[in-house]
Amino acid sequence: MAGNSFGKLFKLTTFGESHGEALGGIIDGCPSGIEIDFDAINLELQRRKPGQSKIVTQRKEEDQVHFYSGIFNGVTTGTPIGFLIFNTNQKSKDYDEIVNTYRPSHADYVYDQKYGFRDYRGGGRSSARETVSRVVAGAIAKQVISGIKINAFVSSVGEIFINKPYQDLDFNNIELNPVRCPDMETAAEMEKLITEVKKQGDTIGGTITCVIQNVPIGLGEPVFDKLHADLGKAMLSINAVKGFEYGSGFCGAKMRGSEHNDLYNPDGTTKSNLSGGIQGGISNGMDIYFRVAFKPVATLLQKQEVLTNKGEIIEQQGKGRHDPCVVPRAVPIVEAMAALVLADFSLFSKIYNK
Amino acid sequence: MAGNSFGKLFKLTTFGESHGEALGGIIDGCPSGIEIDFDAINLELQRRKPGQSKIVTQRKEEDQVHFYSGIFNGVTTGTPIGFLIFNTNQKSKDYDEIVNTYRPSHADYVYDQKYGFRDYRGGGRSSARETVSRVVAGAIAKQVISGIKINAFVSSVGEIFINKPYQDLDFNNIELNPVRCPDMETAAEMEKLITEVKKQGDTIGGTITCVIQNVPIGLGEPVFDKLHADLGKAMLSINAVKGFEYGSGFCGAKMRGSEHNDLYNPDGTTKSNLSGGIQGGISNGMDIYFRVAFKPVATLLQKQEVLTNKGEIIEQQGKGRHDPCVVPRAVPIVEAMAALVLADFSLFSKIYNK
Amino acid sequence: MAGNSFGKLFKLTTFGESHGEALGGIIDGCPSGIEIDFDAINLELQRRKPGQSKIVTQRKEEDQVHFYSGIFNGVTTGTPIGFLIFNTNQKSKDYDEIVNTYRPSHADYVYDQKYGFRDYRGGGRSSARETVSRVVAGAIAKQVISGIKINAFVSSVGEIFINKPYQDLDFNNIELNPVRCPDMETAAEMEKLITEVKKQGDTIGGTITCVIQNVPIGLGEPVFDKLHADLGKAMLSINAVKGFEYGSGFCGAKMRGSEHNDLYNPDGTTKSNLSGGIQGGISNGMDIYFRVAFKPVATLLQKQEVLTNKGEIIEQQGKGRHDPCVVPRAVPIVEAMAALVLADFSLFSKIYNK
Amino acid sequence: MAGNSFGKLFKLTTFGESHGEALGGIIDGCPSGIEIDFDAINLELQRRKPGQSKIVTQRKEEDQVHFYSGIFNGVTTGTPIGFLIFNTNQKSKDYDEIVNTYRPSHADYVYDQKYGFRDYRGGGRSSARETVSRVVAGAIAKQVISGIKINAFVSSVGEIFINKPYQDLDFNNIELNPVRCPDMETAAEMEKLITEVKKQGDTIGGTITCVIQNVPIGLGEPVFDKLHADLGKAMLSINAVKGFEYGSGFCGAKMRGSEHNDLYNPDGTTKSNLSGGIQGGISNGMDIYFRVAFKPVATLLQKQEVLTNKGEIIEQQGKGRHDPCVVPRAVPIVEAMAALVLADFSLFSKIYNK
């Protein structure tokens, strides 16, 4: 009930702070008989890992996952899957000076206010380090829904954006550049911008687009647990996310019904897909696509005003190893959360779908 | 577990189809001792009701709520509150011709595919008629969190939008025009546009902005049940919603950290509020504001291609009494869902907040 | 989350007080496509109804259920089933004198202490009247698990008990006597005892045995949601229940392993069944049987000491129309709750069982 | 949703198999600011640990718990508490011969049937080894409800039972003998019986009584989540449990209302306590007491018929290090589960109690 579980049938509960000894989680509700591809899990962890390229944080985290249960001879047993990722490169000393200060647009202040005190080291529980457990669980979820293809990619950084529909993009390019933007020219521009921003000790926001293909008809449990509502919650639960739209999204709010309606083909597919693959909260078999907005990282390598726990405003120089732009590393996290939602509704569909 | 409950501690479960005898719900988890203002509930129902003005549907629904339990001598007892809204003006005959057809961008097709058959009358469970129960529960939720002020309003219709920050608006104007737009001039333009669209038998989308004030610090249960994640899910669960953004939203994705960070005042308030009143998923005491995108209503009073359940494409003339633009009537629904989220986290805060 | 829901996938939420206008509930999670046998539901309500015979309360309650949703043309649609049972014969005046008094071994006192005040009429929410909603939902649950046979019966009243294994009983006899005891001779003795107790204005306890046959192998979700653990909770949630045992039960605690172990037949059935059809919390295909202890009804038609809300002890004469022995009418309630548990695990088994 | 979580607000989710590398769990919902007494946790683990005396299994398990999160500088932070207990003395080879056989009255057969295959080593997930995580969480729960005193003890082994009311017992004696029976003479008899049974390679059942004192009025969330219903489920979820009764229990089913009713004292306490401290599912401030029945351990050190997965009945000699009687080691488990239930309802009471 407290907020550290996600999903109902395919349910992930996570624990762990940025600078604790380990983070981890339990997946309860994974069906038995799934042969686990451990390389696929490691690959996702590699994609999320810091230090992959010049444009992301240079922290080194090994991010190796240890499974303790629920998998026997490489196959899921139907019992809960417990796993840990040990922290190996945490430099708590970097955070000594924020013991008594609240950094702007971080969760420092509200954690202290809510819980009475906080684990200040590296943001504690509020750190995006926590998403490492999501990536592990998402990688398993992907194997549960193996027919479905999920591709997320960076669609904008600052003012630079891909000016093409996703159908014109080659998803094979995503991993070919450090930005994870499938349009190689735009990717180069984005990389240049991030490098420039980084030099200034500043950070920059961006968006990620996610396309889900081969989705069976009938996923989603209205009226509250609509497929897109759970996808939205999943995305909004990721650190730094400020917005979510699917299908026509905010553009749809400017349109007329006569241009927005997706007319049918005789086989039940639709000629257009402004619905974004979901009608009435239920997948209709067309591509699902959505877009997620990420704010710029709050930690700057600049001098900035901070609040002390004595109510003083002082200047503090930002330190540590941080991402100038979070979206490249957030791509696997978006995919992981999407996979968790789809796995959950997939299990529901075994009961409720005819 | 199935998708018809919302909230954890202040929990609403709803039932009812568009053309059934009644719709209703149960609120489980409302604390005892709250003196219920029944007029306030009726007022919200009036705001949502069809037939209020020329620019909304002319259906007549009495929308009177009957409470059966949980309230004794006008005060909540701590036991579940069961309520019904009887349907009084349903014209099922209007729907005879959609028995065997699937209207574009409606849920007809996916309901049939998922459940094997459907209550086709007026969209059945997928109809926005279902939100009447949400408005009842939201009106009670508002009384549970009586210190908090929630104001939603129409911020755009089609291409017409309010070109002012919400701080410059007078919320008292919201109910003074049929569009529920607090900027009277913009409201007039919007009304004109809707009237025009209606004449064409067409429909148009729009956005609603919601501002929540006087929020105590500490609402939200990270890492999954972040305050904005639950607000997002709540909004995305409303019929026709395509997008959600809070604080800086999608604009924030274009900004740099140095312009986006909200610097503190000594009292813990912030000088700017691009965070939208939420940091790390927890309210920080500043105004919460978010924006919700609604697509244009799918039912047109025009000829349109539909799919039959035999896989034929035929032309069908749209009939019935429908809204040309859904946002004016969706304003109280947005407020209701926001109130449900806040009431839920309010109850959590009694346990977890210091 | 608050305590008025039961089940996870086949989920019942109930509302209603003894003397409110109506009681009712919502079943969320009932699969689509089930043709509802309304006569079967009414039959269960008849079995639970007061006034059936001389040995139960002479109150007259019509106990007719009204369905408002989730069933279309007699078939479940997969959407939530909302229902009401209107109260028609409540005599609130009977309860005027308990406004300010707490009857011994009733919930009057704790409700006042917990919630600050209470709906005192007829026990309010704490009345067994509430179980009417359980019986409706249980009757539908029985139709969801139509292959499984559930037979509950009165196995003891006071010191009188059936001295035979259930295998020697003819369940067809259960409804042939007012006690609902399948051993006709014992039934007659029980009836005589209840009549005698009633004459004295006193009440008496008893036990109900429930036998569940044709259970598929594999129901139950360990380690916490063991089949018998949920059956136990279900039974203990019924008013007046003091104990639950299954299989060998408390007798098993006196036995040695060498006599208690159920040896296998080659087909996986067992030669004995002290396990009660459940091993490790999962059904093994053998008969499930359990026993439930009910205390004597607390309302006596005698003078009794009561506590006033001013802390005085006064004498009060019990009034109203009450059961001298609750077990005959509790038989359908036990079956209903068992059906709810089995329906819930049945739905789980569609996901998790190979 | 799958069955490996217990509790709603103070929620434990566990993972781990008998012979995996580690077992563990996550407590989500523990309030912040609780100074953890680690010695108290270790003490509970010692009480549960094998090899404590001659009458329990001679397996050696270190049973040391490692906490990874949720506790900072010895104080709970309000974030989830993740913990592991590494397995150090597992002898998987002992189980080679049950790879293809199903032992009577074990879960081997149903696990294979349900999940398609199983981790056969030591019973896998169905082993009572899993309760080690419950004891850790229960020890923390005890600290959350520090005013409440929970004392469980062995009240019978086979036919030998304590023939005194609990009020006449000195709970300080519980830990003074290996049986954990506070009546020293009865304890000696029990010990003798267990020793004898053990010599024969047999096992024997028993009961545990649990007394909970200093309980505040108002714990419990009717109508389904009655305090005793959740206690019952908690107990029935423990391995080998066959029955649960509280207050007058099965004896109450033989009594008349006039002898069973607990008359009030002016201060709201009751003269007798056949209710067992709970009325209408809510604690009334009197002592809560209940009794739990445990069957004899199914693993015998004798020759026994087993079923092979080819449908043959063969004889197999029981091996390994097993308890001849489970109740002495189950005492801390009963207390742990009771503590979890009470902690959960304690958190609810912060919201719902006046």
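The chains carry the letters A, B, C and D, assigned in the order they are written, with residues numbered from 1 in each.
The rule we apply is simple: a residue touches a chain if its C-beta (ideal position, glycine included) is under 8 Å from a C-beta of that chain, and two chains touch if they have at least 3 such contacts.
Nothing here was measured: the structure is a model prediction, and the numbers come from that model.
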Identify the chain pair with more contacting C-beta pairs: A-B or B-C.
A-B
Select the chain at the greatest separation from subunit D, using centres from the mean of Cα atoms.
B
What's the distance between the Cα centroids of subunit B and subunit D, rounded to whole Å?
47
Distance between the CA centroids of subunit B and subunit C (whole Å) is 39
Rounded to the nearest whole Å, what is the centre-to-centre distance of subunit A and subunit B, using the mean of the C-alpha atoms as each centre?
26
Going by residue number, subunit D touches two or more other chains at 1-5, 8-9, 14, 29, 32-33, 78, 114-116, 125, 352, 354
How would one label the connectivity among the chains shown: line, ring, star, complete, or other?
complete
Residues of subunit D touching subunit A in their complex?
1-5, 8-9, 11, 13-17, 20-26, 28-29, 32-33, 66, 68-70, 72, 75, 77-82, 84, 114-119, 124-125
Subunit D contact footprint on subunit C (complex, rising order)
1-6, 8-9, 14, 102, 104-107, 109-111, 113-116, 125-126, 130, 156, 158-159, 197, 202-207, 217-218, 220-226, 228-230, 232-233, 236-237, 239, 242-250, 252-258, 260-268, 270, 274-276, 279-284, 293-300, 302, 304-307, 311-313, 348-349, 352-354
Can you check the complex and tell me which residues of subunit D touch subunit B?
1, 9, 29, 31-33, 78, 347, 350-352, 354
